[in-house]
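Letters are used for the chains, namely A, B, C and D, taken in the order the chains are written, and counting of residues starts over at 1 for each.
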Amino acid sequence: MKIGILTSGGDCPGLNAVIRGAVRKGDKTYEDEFIGFLDGWRGVIEDEIMPIPRRKVQGLSRLGGTILGSSRSNPFHDDGDGAALVKRTLEAHDIDAIIAIGGDGTLYTANRLFQAGVPVVGVPKTVDNDLDATDYTFGFNTAVEIATESLDRLRITGESHHRCMVAEVMGRSVGWIALHSGMAAGAHVICIPEFPLSIDEICEYVQATWDRKRAPLVVVAEGFTPKDAPEGLIDYDVDEFGRPRFGGIAQTLAPIIEQRTGIETRATVLGHIQRGGEPTGFDRVLATRFGMAVVDLLHRGGLGRMVALRGTDIVDVPLTEAIDNPKRVPLERWEEAADLFG
Amino acid sequence: MKIGILTSGGDCPGLNAVIRGAVRKGDKTYEDEFIGFLDGWRGVIEDEIMPIPRRKVQGLSRLGGTILGSSRSNPFHDDGDGAALVKRTLEAHDIDAIIAIGGDGTLYTANRLFQAGVPVVGVPKTVDNDLDATDYTFGFNTAVEIATESLDRLRITGESHHRCMVAEVMGRSVGWIALHSGMAAGAHVICIPEFPLSIDEICEYVQATWDRKRAPLVVVAEGFTPKDAPEGLIDYDVDEFGRPRFGGIAQTLAPIIEQRTGIETRATVLGHIQRGGEPTGFDRVLATRFGMAVVDLLHRGGLGRMVALRGTDIVDVPLTEAIDNPKRVPLERWEEAADLFG
Amino acid sequence: MKIGILTSGGDCPGLNAVIRGAVRKGDKTYEDEFIGFLDGWRGVIEDEIMPIPRRKVQGLSRLGGTILGSSRSNPFHDDGDGAALVKRTLEAHDIDAIIAIGGDGTLYTANRLFQAGVPVVGVPKTVDNDLDATDYTFGFNTAVEIATESLDRLRITGESHHRCMVAEVMGRSVGWIALHSGMAAGAHVICIPEFPLSIDEICEYVQATWDRKRAPLVVVAEGFTPKDAPEGLIDYDVDEFGRPRFGGIAQTLAPIIEQRTGIETRATVLGHIQRGGEPTGFDRVLATRFGMAVVDLLHRGGLGRMVALRGTDIVDVPLTEAIDNPKRVPLERWEEAADLFG
Amino acid sequence: MKIGILTSGGDCPGLNAVIRGAVRKGDKTYEDEFIGFLDGWRGVIEDEIMPIPRRKVQGLSRLGGTILGSSRSNPFHDDGDGAALVKRTLEAHDIDAIIAIGGDGTLYTANRLFQAGVPVVGVPKTVDNDLDATDYTFGFNTAVEIATESLDRLRITGESHHRCMVAEVMGRSVGWIALHSGMAAGAHVICIPEFPLSIDEICEYVQATWDRKRAPLVVVAEGFTPKDAPEGLIDYDVDEFGRPRFGGIAQTLAPIIEQRTGIETRATVLGHIQRGGEPTGFDRVLATRFGMAVVDLLHRGGLGRMVALRGTDIVDVPLTEAIDNPKRVPLERWEEAADLFG
């Protein structure tokens, strides 16, 4: 087969390992040929491609980023018939099928294309771990390890200064990174979008920790809003220099906690360091296995499906599963974490 | 309840996080009191204990090692009635039950004690990942990450010098660490006990890699023996200074590979650095959850059982499962890895 | 001798290693006895102390933070006669001399006390590396390594997304951390307070990098202000929730760069993770040697002096040197770095 | 100028950063052109070269290894007139001068060539830190950090098991890595070639540590021999499989310590992981500065000289200085370290 491959959406450690896994498996077992589309769907639409011979994937499993580039382009964006655009490019290069590596948006697009007759399979990607179709995907483990290491450092400096430290980690709509890294670092309160605490509750945990003569560590997912947020707290306006008025939820909580508890409080936003860089061994193995398995899936005729992890097995599920079921932190995991607060 | 807790067998990153998880959960939800036995079963037999109030487990999740110490003692070793010894200590301190954290040996002992009427529950521990009863336990992830990082370094130095590098990782009877770290680092051949390659096969992969102008990286589990090992290759004698004649399988393979292929070859034994030190975030979360869950298990009356991971859930299974089913690398995982050799 | 010891000012990796070095050296060579003052000068003023026997410094060299706590207290703050306060505490406990570990503020205070007859010696501490009296102090190396690792990650994620990444590192009045970490990570422009670039110059380097098809990485010291900063750019007001209007120089530059160059640009503020956590081996060795040397200095009668590093030697200099000569990045180091811009 | 560049001898983190520094500086300031010789002097002798345009050094500062390859070739090895060989290659490609990056052997060769009229300058390289001409060179810092991190792990696992851990680090003829990493990790005894302890002395420190209820950590440089070594202790014979009879000094000391003290003792050999992999930020900065400075040196007409670090300055010295003065651990540094033993 001649297989096109693309990486789409936000950066995620392990993308290159997926590409390598697919190319190595296809090359060895099926004598497949691989073509990369540049910058996700943009490369498909604008017909920008590069061949990926085996030699090109040497040493790639440990490399962060993606050699194919990424973007948030989408064949259905501006045009009535995205599928036609895609088919034209496939035909022009005799490409038999596409492997689309991306998050829920990308997989939604992949499914729409599949419905319209485009031969496509998927590999799920989400740093945030918000896809219910798979136990984990690559990237999440790396993000948790980077966040944990940073929280360890903040905790130590908090203790020396007798300060409360508020750390913001990734997670727009789900709190998985906050939950895992916070639990790993022994945070005294974790704020996630799924179960919003009030500012009062946060301050109570902070105070309880302080009363035991410990420096409180508060971990907050970027998408968290306290349930009693006063109006105007979150404000997406920019000033005359284009700067956002709202510097993030950590920057917002810190002065409020300081004011209410009297404890000196500092905010840190971990930001993009969580998603760049070398994948952990865990993510490299998972990504490599995904890449190998998706080529098998293709040769088994599994169009319209994607690979997924269940326990320690790689399985496959319909692309629609990636879209229908966001994975939120369930109540029992939240209660488990909350047992360690304060 | 008054709960005794012990860590037994080889060191494993995450032991302290289990202890902390148990103490925090028991303290908060059930008002349990915790007593630590020093150095595993030795502390039970010789009645050496220390109380573990909440304050003692502060900041413990990231600490490697075990605050309780460990040993390979066993109440059934020298004595006709190990169970009686154990019961005597429990009675002396009004301890209601024991949480035994350890590997297959420890859990076997725990089960024997349980059969003899001792109230005991277990937490599985194995750096090598050789327990079928659980998807993973804490410590394995840390070991794989340390090994992967070291293999990355060896690969780079091999490339600079145009050398073949042979790296020995942990794994006496199973090849899980070799399989995962080798796959993560892009090893050109992985040698595990479950599917022993011959020296000829190893040299073929090494040569094939060399022919592609790459420096071969060979990862070998410490318990590996080539299927065509000449007699005398593995020799546990010591010389007059007490030194083992056999420096390990990597030291053994390196000169043989060099001789047969003509490629300069160097051996490295990662050794104890894989099992000491801070646990990864992954292992801290898993260990903390195990610690919390085993206390719930106890309060649910689950004597004779142990906690385990299935997918992302903590479940519980009979202690006997830990003993009956060693987890070896299955054929499909081996074939998957072998597709990337050469 | 009976020696008091204190850590004052901002947290800095290596403080505990200094304490350990001093206690081990004093204990072994001179049979000194050590008393720690809690939270810097506050412990001296308020007479809060703890004895530091040898057993208390075991394993301390790798521990971040300070077991003594720190604060920004100052005996001269509220009171006419700080020296009298200090002397009273020394007399109350028969303490012969104080080892003050701190930055320029602390050493200035130490010198004032010395002038007023208090027996004091100093150990210089500055994460920012702004003391001319010493080649380096502990903490700076750790901060540079953490920043470098983070910049590596940002660079990779920038490349995947074809984005400009702006990273803010520590350095209020000097650019040493920016200079070193930026050079280590291959930044395309480095902005430091000593040689302020204009916004136009920054954008030119960003554009030149972009034109070579690379994702620009801009490293900026927190104290940097562009030489053509428009009025109102830096604004220390807070809004009704107590949040600063000015989110830092990286948050400020990013939208301006994006607007002028048309290149998507993201800001990251490394913040407190640079100063907490375990010291590097380099900083542990330096801090340990400083701790040992300052005890020798005391026994040689070097009151009013502090230890310093010159090449690979530990020397001593008057406390006044720490105060008189801030160390800024000199022109030749700036030009050297700037040769790699664009 | 048209400048040839080569890397020779053992791998060392920072080699690529030197190459990048030289190419970037030469390209920008002098419009130099760079040619790389493959595998050190071998490429010069056998005329194997590759051009190094600026584009080829992008992102190179963080990359371990050397893109030019290395070997232990030497133009004077087999041939009466090495200099003639070298000159022939230079003339064939109109190369004006050679930058030789290497250790004492390489620099000795460089100096011999310089005496014979070959235009050459040097950059000192030694992981072991055994060149007196420079305070440090790149690679040493990385090796110390890797060793320190490994020693931290060994120390923790030793404490859990109540074992003595013996760790062997690099250092054939000097003990710098052992001294620095051992001091950083709080080793209880450090064994270096410069000041050989006896086995009895080592055991006394081990016993003293044990008596304080700590697990002894012994750090030993690979080139260490105890001053009372019994005959036959170090034996370079190989057995019938080509394996060395002598597994290294750590493997040798461990059973002897165990036998004499009765304390369970384990050996670990860190080996090649110390010299491969990514350079630290410190080494990247130093290597980059060396690369830039050596190009300046060349344009200043400094043939027969090499760059060196003095304090924080890059200076230059005659190549002969690299050869005449090995840098051993001096008595005062040894005594300083020994104050912390036991």
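The working rule: a contact is a pair of C-beta atoms (placed from the backbone, for glycine too) under 8 Å apart; a residue touches a chain by one contact, two chains touch by 3 or more.
Since the model is a prediction, treat every value here as computed from it, not as a measurement.
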item	value
Contact-richer chain pair [B-D vs C-D]	B-D
Length of the line joining the C-alpha centres of chain A and chain C, rounded to whole Å	34
Between chain C and chain D, centroid-to-centroid distance (C-alpha), Å	30
Whole-Å gap between the CA centroids of chain B and chain D	34
Touching two or more other chains - residues of chain B	149, 152, 155
All chain pairs that touch each other	A-B, A-C, B-D, C-D
In the complex with chain B, residue positions of chain D that touch it	10-11, 15, 39, 64-66, 69-71, 146, 149-150, 152-162, 165, 230, 232-233, 238-247, 251-252, 255-256, 258-259, 266-273, 275-277
In the complex with chain B, residue positions of chain A that touch it	20-21, 24-25, 28-29, 55, 58-62, 135-136, 141, 144-145, 147-149, 152, 155, 180-181, 183-186, 212, 214, 280-282, 284-285, 288-289, 292, 310-312, 336, 339-340
